[in-house]
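Presented below are the structures under discussion, each in the form of structure tokens.
The same subunit A turns up in both complexes below, where it pairs with subunit B and then with subunit C.
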Partner chain A sequence: MIVPISAYLPEALALAGALLTFLMDAAGVRQRSVVGGFSVLFYSLALLSVLGDLSVVPFTLFATVPSSLLSAGAVGPIQFTPLGLLWQAILLSAALLVAFASLSEAEGDREVPIFYGLLALATLGMLLVTLSADLIFLLLSVEITGISTYVLVAYARKDPRALEASMKFYLIGALSTAISFFGASLIYGAYGSTALARLADIPPGGNGTQMALVGLGLLMVGLGFKVTAVPFHMWAVDVYDGAPDHVSAFLAAGSKKMGIFAMIVVFVAAEDVVYTASSAWALYVALGGLALVTMTVGNILALQQRTMKRMLAYSSISQAGYLLIGLAVASPAGLAGATIQAVAHVLMKGGAFLFVAAMATLGIGSRIEDYRGLGHSHPVTTASFAVLLLSLAGIPLTLGFVGKFYLFASAVEKPGLFVVLAIAGLLNSAASVFYYARVLRIMYMVEPPAEATSERRWTPAVAHLADPGNDPSAPPSSAPSAAVAVGESTPRAPAKEAARSLDPITPLSRSNLGMRLRDEVRTIGIARWTAIVLCAALTIILGIYPTPLIDLANHAANSFFSGLP
Partner chain B sequence: MTTIPLVDLLSLSGALFALGLFGVLTRRNFILILISVEVIMNAAILNFVAFSLFSPGPAAGGIPGQSIAVILIGLAATEVAVGLAIVLALNRLRGTLNVAEAIQLKL
Partner chain C sequence: MPWLSALLAISLVGAFVTFLTGRYARWAALGVSLATLVTVLAIMMEFQPSVNVNGPGYCQQGGFQFCELHTWFTYAAPGGGFSVDYLVGIDGISLPLILLSAIVTIAAVVYHWEEKKDPHGFFGLMLLTNAGCIGVFVSLDVLLFFVFWEIVLIPMFFLIGHWGGPRRHYAALKFFVYTHVASVTMFVALLAMVFLGDWHSFDFVNTFGRQSQDAYLNPIVQALLFGSLLFGFGVKLPMVPFHTWLPDAHVEAPTGGSVLLAGILLKLGGYGLLRLASPLLPTGRELLTPVMLFLAFASIVWGAYLSLAQRDLKRVVAYSSINHMGIVLLAIALWTQLGVMAAVLLMFAHGLVSALLFMVSGSMHHTFGTRDIPSVGGLTARTPVLSTMLMIGSLASLGLPALVSFPAEFSAFLAAWNGLGYWVLLPLMALVVTAAFYLWMLQRLAFGPPKGIPEKAHDLSFPEVMGMSLLVGLIVLYGILPFLIEQVIPVSALFSVACSAGPLHNGLIGGACTSFQW
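Up next, the complex of A and B:
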């Protein structure tokens, strides 16, 4: 079967977006609205194409993957599967979300095209991962995203915190890549081929089986770094903390999902077919243990955090643990659950980090206490953030609940000790409510101190960086000095402090809701505001009416298993 | 023509892997860690070449091992290029490459 070139439309769009952005940089076109606008347009077209392929939207002009291709199996190192396409849509949504919300960031000079170009390259890698039918192709695609994101973390070159995050990310990433490839080489030795379909064959007896198992173990370590599974999670919190906020959103929402999908295609086939007979327990125990430890440790550490971003980073680790349940169970239901949870995770983590980014540009500090009283001063975004937190905790009527429900149900259905995973997941969900509720309490129940509203937003170390002479009437997105402040100080610096401080925070005196809402949209930026609210709205809509998503996930998961030999 | 036995090649690559991992865990200088990571990468590349000598050949499907080795050499070079860019930026900003001093993000 020959793959028509048009089937690669989403990948081509991502690549074209990257090249076009770098060309714009060379041509001196660096306005955020232009560069970012093109990125958003390209991602939207790509997403439309993928959704058309999945027949989610009736608009099929861009639906370019012939349905015969979806059941054709591997064509060389490429494979089009319903599951891959569904995850492609998930990953594209993450990229689109971040690219769109970044339109509200401050203008910067070369940083704007660099950001969007690297984002497009990282997206290209993620899209290629979903097409992989070959281990080497898969790892190379992971690496495209990896290298792009190492640079993306440090794209504000003057920021020592971002640079430190990039350094840690790079070292850990390079190590995990090397370990992954070493594992892949052992698998190549055992099977004589790196095609993923061969992992579902009976391994050659004797030494070959041992070698294949060691190779899979090393791959688990290498990919475990990418998904922040627990013994390999140390880098994640520092990186999410130090990276620019929108990059953190992309890392949590996008590249972590990519790692999960890579693990699915590598391990689920191997678990289901090969090792059911001989050494099934080794893989099951390893993945199950990874899931168990990841969610527990992530939650325990999240409980102790004092800054919002680190708390979200640890909660993101525990969320990775829930997703790993789906892999450990390795049944169609588990895979469908992981897919639903992945959709939820993109919305929740993407939206939450964007909210943190919005608050940072308002000059609100990074500690959790700094968020006190936000429910009064910024009612709509704070309510959206509250919804996202409730969804992270798995409260019913949110998508986070649906995803967790399916994951835990799949663990209960599967005979054996898998019920342990469900119980551990439930206990963890209950524990996680504590730290999410603490944030809710601070945002809604604690009044901001009436005096000193502007002082509390100024951390002494960075106060001098803000420019007090900024034009009061300038909307924040048009203040060019803000970019300099972002670049040179910590990401927590009150970049738009000037604009904010001149807009006196009088949450109780200004009772006019319309005025307050307009203020909120203006200070946060219309694109970012829309993105955050949209995340929360989708979380609720899909939480109340999840049937289409569940059908889609079930269909994709079933076809993945029926595609196995 | 005599060939080197597979066991010898695998022992060498295993030793390289162990050395590289040891280096990553014990070194504190960014560049030395980078070199150690590359040693692990080279162990993987050597493995691919070694296995391709003894594999059934392209009949097994997929990409042949020696091609993979060439691809990986390119990948390793790309990765080092990015790493050295980070080294330059770090050195300019902080004047040290000691990773143990990277403690700004710890609370």
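Up next, the complex of A and C:
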């Protein structure tokens, strides 16, 4: 079957976005609103197209993949599947989220087009991964994203921490690529082909199985780096910590999901057919062990962190462990669970890292203690962050709970020792509550002490404004919070802030909720504020009414399995 | 009319609305809690104290009323999969506890009428706690039960952590982590019960009457699962030795938080044992009955003696809660009709009485700046109203006839006598200690020459009196006319006991429920 060229609309849009952005750079157009606006437009169109293909939205103007193509099997190295399209939607949402929120970053310097261009290239790679029907095509697509993200981490060229992170990321990434390709060569040796569909067959020849197993094992290591599975996770925390905040959001929400999808297409078929039949448990044990170790180690290390980004990075590692349960179980329910959890993870981790980014631009420190009292000064975003943390912890009525429930239930249901994974996952969830609750406690229950505030946030230009005697309308008890509200906004435009605060029409008192809200939106930036709140809202809405998402995931997972020989 | 959904919607939506109302929060809270109470009363009017095993649906045949069933989401699996349902319904075991939640919440709202610190958050979280508890009491689906169970944790965490005493952060975190570990253990056991027992559904009405068949889970598995559930629910109850979070949480919580904690939250543990653990795992319960009895005795004795040793009034009440919930555990462990009735009644009584006592200790702290018993004395002379409330609360708690605890404790010990014979003397001896510590506390606090009372000490404010009077009125009302609440329980209690009689239990087998007649 011939694939109509229009079927590649999302990929074409991503590529066009990248090229257009670099052209704009050359033409000297560097305004964030213009460059970013184009990216957001392109991603939105691509997402609409994919959602139309999945018939999620009734709006099918951009639906370009004919349904016959979805069941046609591989066409060369390309294959359109419902599962791939669903993951395209997930990955595009991650890119869209980051691109949209980045509109609120400080107005640009020369690097704005670079950021958006590289983001578009990385997105292109991720989209191609979901179309792969061939191992080499898959690994090359992974590499497109890989190389783009190495540079993306270092796009803020003056930041030595980002450069160090980028270097680390690059070295580890190169190593993992080498290992993956070595694995692929062994697979080719065993099968005489690199088509992914062949992995579901028993390799020809006597020792074929052994060679294929070694090849798959090497692929597991190589892709394990991408999904930050323990023990291949060492780079992740340093990179997430050192990278610019929005890039961290993209790495956690986007490129990790890509690794998970690559592992799904490589391993699930192999597990389900060959190695069950020949009762070789090696793959199950390896993937199950990887899941077990990843979630446990991620959690234990997250417990000990003092800075917010590192805590989120380790919790992201443990979340990868939960996702791997779905792969280890390798049943339709497990795959559906992994898909649901991936959606949840995009929202949770994307939103959480964006929140950290927002707080960083307000001049709030990176330690977890620096977040004290945010619940009072930034009520809406902090509440959203709290929802995202609760979802990460797997508290019911959030999407995180539905995903985990699905994953754990699929593990319990599969005969064999898979129930161990479910129990370990539940215990890990229980333990993880401790560090999430600690953040909630600090944000809502600890008042920011006045002295610390003066040290950290006040600038001489506005310090006198915080004196309660200066402002008769503010009751003395509210003075510290008023000071915080002023102090927070100073790093960006001190003079303007001070002038505004002196204006008698806008008193300093922040007792009025509407005022506080307006302040919050203004200081964080409307786009970023919307993105964070949207993440939290979707987490709750899909947590309460998950049926549409579950139906989609089930359909995709079932069609994946029915496509297997 | 979907009464239970209406009840849930009023309490849940009301909580969020209250959160948004700002300075009118207290009026919103009062309105919401009144609406909740009115709905509960309407449900009570409609409630039939009988079981209709020939009812229109299997939920009715399972002994429940006001049933509503909607699919929430489905879990697809090769073996057919199943749906997770929104299945709610009530029977005589849950109805008194729902009424209790509504009453205690309204009393707490009135008591805190003059709350100054972020009142919208305070009232909103209290109402959310109430909504979660009502949700637990009406859920007939394991997953829905767990969802509401977890919802309860979050507002209570914030109530303790934001409005609490000096060590509130430690107490809030300890409360959250301790009870969350317990609920995850509970969840593991519940899931295992569903999957190993081949339920093909999460609703547990379906399984009433099936548990006694031989094909159901084997005894060892049942015992393991029951043990996990006993731990999960026992932490909430709390039973010795898993009670250590309770004194910390109570002492640091704001008065309203303590009132809800003692008044409603502790009942969740007892309710879980009554509704899920005991009927669904009959063999496990039979095997572990000695353990339950031992832990019940330990809680009764240990709680009583620890109360005797406390100086802080709030700690006295907190440890006496452990003592009373020990009696509840004892009554549940007996698993007879009278025992189940006694457990429900006792939880109802303890909810009212401990709420009153926590209000008294909150007011004492408010008035005198301390809750230290030895340093204050002679309340009767200087603050007669507070002193009266303290006396009524203490006397009710030690089980004085004509107050609400008496019929409950009497039935509990009667059931224990029927089931255990002379062993009942052991908890009865502890009852003497309970009486002793209350009377001793009264002697030191209420009587004698005034001591440690500041010159400007004022008696209770009007809202405080109103909040407490509501509870006092009901304590007396239900003490004199216990049948008002008791009449709804016996049929459901008997049904629950008869339908879950395990093979080891006096020869009743399966089938007992299908031929159930009342």
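Keep this in mind: the second predicted complex is superposed on the first by the 507 of 565 C-alpha atoms of A that agree within 3 Å, B and C clash if a C-alpha of one lies under 4 Å from a C-alpha of the other, contacts with A are read in each partner's own complex, and residues count from 1 in each chain.
By definition in this document, contacts are C-beta pairs under 8 Å (C-beta built on N, C-alpha and C of every residue); 3 or more make two chains touch, one makes a residue touch a chain.
Keep in mind it's a predicted model, so treat the numbers as computed, not measured.
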Practice prompt. Name the contact category of A:R441: first (subunit B only), second (subunit C only), both, or neither.
Written response: second
Item to complete: Using the superposition on chain A described above, determine whether A:S185 touches subunit B (first), subunit C (second), both, or neither.
Response: first
Practice prompt. Examine A:V433 and indicate which partner it touches, taking first as subunit B and second as subunit C; both and neither are also allowed.
Written response: second
Worksheet item: What is the contact status of A:P396 with respect to subunit B (first) and subunit C (second): first, second, both, or neither?
Response: second
Worksheet item: Touching A:L251 in the superposition: subunit B (first), subunit C (second), both, neither?
Response: neither
Item to complete: Using the touch definition from the top, say if A:A336 reaches subunit B (first), subunit C (second), both or neither.
Response: second
Practice prompt. Tell me which partner A:T547 touches in the superposition: subunit B (first), subunit C (second), both or neither.
Written response: second
Response to the item:
Note: in the complex, subunit A contacts subunit B through residues 77, 134, 136-137, 140, 143, 147, 150-151, 154, 157-158, 160-161, 163-168, 170-171, 174-175, 177-179, 181-182, 184-186, 188-189, 191-195, 198, 238, 241-242, 306-307, 310
Practice prompt. Mind listing the subunit C positions that touch subunit A in their complex?
Written response: 22, 72-79, 81, 143, 146-147, 150-151, 153-154, 157-158, 161-162, 168-169, 172-173, 176-177, 180-181, 184-185, 187-188, 191-192, 195
Worksheet item: Which residues, counting only subunit B, touch subunit A once they are in their complex?
Response: 13, 17, 20, 24, 30, 33-34, 37-38, 40-41, 43-45, 47-48, 50-51, 55-56, 60-63, 65, 68, 71-72, 75, 78-79, 82-83, 85-86, 89-90, 93-94, 99, 102, 104-107
Worksheet item: Contact residues on subunit A for subunit C in the complex?
Response: 331-333, 336, 390, 395-397, 401-402, 405-406, 408-410, 412-413, 422-423, 426-427, 429-430, 433-434, 437-438, 440-441, 444-446, 513, 546-547, 550, 554, 558
